[in-house]
Amino acid sequence: MNHMQAMLDEIYNEVLPLLGEGRVADYIPALAKVDPNQVGIAVCDLHGNTYTAGDANTAFSIQSISKLLTLVLGMEIYGDALWKCVDKEPSGQAFNSLIQLEMEHGIPRNPFINAGALKVCDMLYSRLATPKQRMKEMMCKLSGNAHVTCNHTVADSERMHGARSAAMAYLMKAFKNFDNDVDDVLDAYYFACALEMNCVDLAKAFLFLANQGKTLDAKHTILTTTQTKQVNALMATCGMYNQAGDFAYRVGLPGKSGVGGGIVAIIPNHLSICVWSPELNDTGNSLIGIEILERFTARIGKSIY
Amino acid sequence: MNHMQAMLDEIYNEVLPLLGEGRVADYIPALAKVDPNQVGIAVCDLHGNTYTAGDANTAFSIQSISKLLTLVLGMEIYGDALWKCVDKEPSGQAFNSLIQLEMEHGIPRNPFINAGALKVCDMLYSRLATPKQRMKEMMCKLSGNAHVTCNHTVADSERMHGARSAAMAYLMKAFKNFDNDVDDVLDAYYFACALEMNCVDLAKAFLFLANQGKTLDAKHTILTTTQTKQVNALMATCGMYNQAGDFAYRVGLPGKSGVGGGIVAIIPNHLSICVWSPELNDTGNSLIGIEILERFTARIGKSIY
Amino acid sequence: MNHMQAMLDEIYNEVLPLLGEGRVADYIPALAKVDPNQVGIAVCDLHGNTYTAGDANTAFSIQSISKLLTLVLGMEIYGDALWKCVDKEPSGQAFNSLIQLEMEHGIPRNPFINAGALKVCDMLYSRLATPKQRMKEMMCKLSGNAHVTCNHTVADSERMHGARSAAMAYLMKAFKNFDNDVDDVLDAYYFACALEMNCVDLAKAFLFLANQGKTLDAKHTILTTTQTKQVNALMATCGMYNQAGDFAYRVGLPGKSGVGGGIVAIIPNHLSICVWSPELNDTGNSLIGIEILERFTARIGKSIY
Amino acid sequence: MNHMQAMLDEIYNEVLPLLGEGRVADYIPALAKVDPNQVGIAVCDLHGNTYTAGDANTAFSIQSISKLLTLVLGMEIYGDALWKCVDKEPSGQAFNSLIQLEMEHGIPRNPFINAGALKVCDMLYSRLATPKQRMKEMMCKLSGNAHVTCNHTVADSERMHGARSAAMAYLMKAFKNFDNDVDDVLDAYYFACALEMNCVDLAKAFLFLANQGKTLDAKHTILTTTQTKQVNALMATCGMYNQAGDFAYRVGLPGKSGVGGGIVAIIPNHLSICVWSPELNDTGNSLIGIEILERFTARIGKSIY
């Protein structure tokens, strides 16, 4: 599809002037050092085509996009029992507030806010012998890139500055909604956040969410059709922190972002897209990433709404 | 489509045993008196077909489904300027809390919570000479039912028990986000809530949201294609009070509910559906209504995700 | 007591250089116009002596000092039944937040925050034929000044800018903790706030709180000994908005302040003192007033602690 | 003073029938095992007399009364600099909420709520080589009982169930208001809570707060006169968790309670009193202890108000 390639190139060129308008995440030194002047786009469709623009092959810290991975693993392992320990409602709050967590008695609002992903990691830790290994293997398998790695400098830096995550975990423990040792679970959580992948890896990895849960070669069923819809529904309502409504309004796709500047989005039954640019807007989502996605859905005339 | 009719009949029969599991809204006497043993379904598709089951022709109090009407009117009149006074994010809160409204300085989270709809009514009041007349006319025009009426007993009852709405309006006024006399705006707001329509009326009225903003006869453009997507996006993220995530997860459609027991939902480019049953679940949405919609999207194999 | 007079003069001169460091209340125009460069002190002891310094005879808007009057009236009329509708705990919040009021189901934290005083006025309104008249008469009787008057320009200005108070009253009504018409009660509430008295008036008026509830001439028992202690206890824990702890720490007396810049304080079994200076600190209490009181208790070597 | 002894005996007998109306703290097994049927009273006056009734010589877990000890140590070491890291306002909240701590950016409301005492312990840890040893020595010195000991079973049990305290400490760390290792500080904090003393020990230990900061033999100045008033002021406004206002209203003394069932209270320039009974009321204070103190101040006709 020549048309798709031309469109990505066009959008890429249009958004470049926005470089400098956002701010690279600086809560940990290891992320603050990333060169902000990078923009990548990768699209994978169900015909097996991959289209890219810009820095689509540069690896970056996937950060909270890992919450999509941990949710998928959690649904695989626990099925509906997952939802006894974590809710599935938008938070209507900043992404790492403890206020709501206390008011709701230690049940995190959804698996895409930090508290929710910590709880999912706690559950994975209860069932998996080597949760970190499993996370990495799954990313390698899904992306077809055998060399996905964790940046341990980033993971260590997260741990050093991770007092708020520890506070959340202990608060859940106080409500008897956290089963394992806090430090052990945080270790797995930071490992997942510090995985490094590029736009092509991520678009490929999550293409199954556009394919009713199956890998493109139909060899693997990652999730059932129903579960796939459920994950997409959760992304659509909760995937963009406190910008979920605005993202639905402007872009109109299920998506999950990370403070590394990446966003994965899905057009069910059509394609997956991953965009990346390190500068964030006020809600912690990639400023240029959202701009790209907005233009993309407007131009192809397709959104879920 | 014989198939559709058979499916609605089947679902109707399946959900009847759930009568008695929810609770009719009782915060105002006029609503508490409704016979709970009623279930209606109406589907309108883009081919001009209408399918019904059960009490699809019995009028009920549309209550917060009117917030969809006021939003559409607000977007027609104000365009994007509407969003200066009301946000478009899920609230993550019970539907009539003042806590969030105060913490966010009098800017309501979205136009589908009570505070947001009050603010939209305040804006309509600033521009329309006869806002109540206009609301009613629009509902008549869209539904093709010239006899849509307001139940003044219900409206009066709402006003009598409306201290919380008045508190919200005054709190917004304290933050300089409310321009007109509180009582005047409440009068228009309660009028809209107390409009009475049946499932067929409502499915017809909002079919334009499945038709890119145009009425089926293509004579009227109610909203632009983009605005239509935006309204659907808002319904998908904010339309079901504090059950938005669960509704997306189970049903997977943009929808708007009211405490009268009605829910309108949209499958973009396909159809509109209105379900009604007065008994509510804990979040104030029709218990049987959601059950019907869940079975409906599962059986037709279509949702937006 | 020459000594006392000398001390007041000394303190008066010491604090004058602080003029300009605070900010006159500006939420209503009528208050914002007050000349900020005024400082008054009046002390009344149980021997019948009155000592003054500075602008002790200049009348000012008593504002929330009226909450002490309404509490005393409420205790006279209702006795312990008062505490069914209003609590007696420090709020730990800004003085007019609705958040706590909603979280605590419409029961105001104490009678000295705005919501609490509104509720007390609501209760007075239920029992008194002419509550405004009664308030004024009581202030005239207690102060020995027959000419205490309400500044209606101020009262009207409060009403014009009183959306937040209306919001509180309606929120209490929503919780069924407000019995009368909101506008009627607000009228009485603003009347009390807009009474004008000077430091001498106020020190005299509340001297009974230092005299176990009796007027100095022993002709009238305003409150029982126990009730008097209770009022002093409430002032000590709740009388200074969100500066109660700091005021106890620095000054060490039961006291009640108003945004007009006045503060009444009591040394039980010794004396009453009223200080006044219009400029407020960040918590809405008279900046210079607190400074005077701190020096006063340090110098006389007496506080309640 | 025969009179005092007779009064204590009388009150002791009056309150015994209230046994069974409260509930022993059960959040840790080690405390839940305490025999609830115990009531002790000890009064120390400035003439060197000690009066007792009931189980005044039975040691109990001092729990949060230790917060008075840590505050005194903190004021000795840091002086006013202490207040940069902890505020001195009543919390208006349950005693261990994280909501307020987050809303106020990690600055605890006062040194008598758990978060505040944790922060004070953190500061002690920064300056003292052996904080636990120092705490114990001070208690021995002040009480004249060389055998004050820590119950390590209780301390271990606190640690095992201390997820909420850990959450608070980490949340303060996230706001950069916690300097030392969380586990280290918690260790010292739980040590202080698990000290065991009896009513006589505690009344003697804190008699200096009724004596302007000096020990009765005048050999030691624990705090300056001003600091002593400040500590009493803090106890009066913040010492009884969310019952501070009610305690002031009913009892009228500065006091500090612990969930072990002890309460220390002070009549400045007169006496100290310690009461103990393990059953607590809904706010976590000794139900019978408060009853004793209310009768005590009523009968001797002395309170601070």
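Lettered A, B, C and D in written order, each chain numbered from 1.
By definition in this document, a residue touches a chain if its C-beta (ideal position, glycine included) is under 8 Å from a C-beta of that chain, and two chains touch if they have at least 3 such contacts.
Only a predicted model underlies this, so the values are computations on that prediction, with no experimental measurement involved.
Student: Starting at chain B, find the fewest moves between touching chains needed to arrive at chain D.
Tutor: 2
Student: Taking CA centroids for every chain, report which one is farthest away from chain B.
Tutor: D
Student: Between chain C and chain D, two touching copies, which fits better, same or different residues at the interface, with half of the numbers shared as the threshold?
Tutor: same
Student: What's the distance between the Cα centroids of chain B and chain C, rounded to whole Å?
Tutor: Computed from C-alpha means, the inter-chain centre distance equals 48 Å.
Student: Let me have the rounded angstrom distance from the C-alpha centre of chain A over to the C-alpha centre of chain C, please.
Tutor: That gives a centre separation of 55 Å.
Student: For chain C versus chain D, what separation do you get between their C-alpha means, in angstrom?
Tutor: 32
Student: Touching two or more other chains, which residues of chain B qualify?
Tutor: Counting only residues that touch two or more other chains, chain B contributes none.
Student: Determine which chains touch and list them pairwise.
Tutor: A-B, A-D, B-C, C-D
Student: Using the touch definition up top, name the residues of chain D that touch chain C in the complex.
Tutor: Of all residues in chain D, those touching chain C are 87-93, 100, 109-110, 226, 228-230, 232-234, 236-238, 242-246, 248-249, 252, 254, 268, 298, 303-305.
Student: Going by the contact rule at the top, pick out the chain C residues touching chain B in the complex.
Tutor: On the chain C side, the touching residues are 97-99, 102-103, 163-164, 166-168, 170-171, 173-174, 178, 182.
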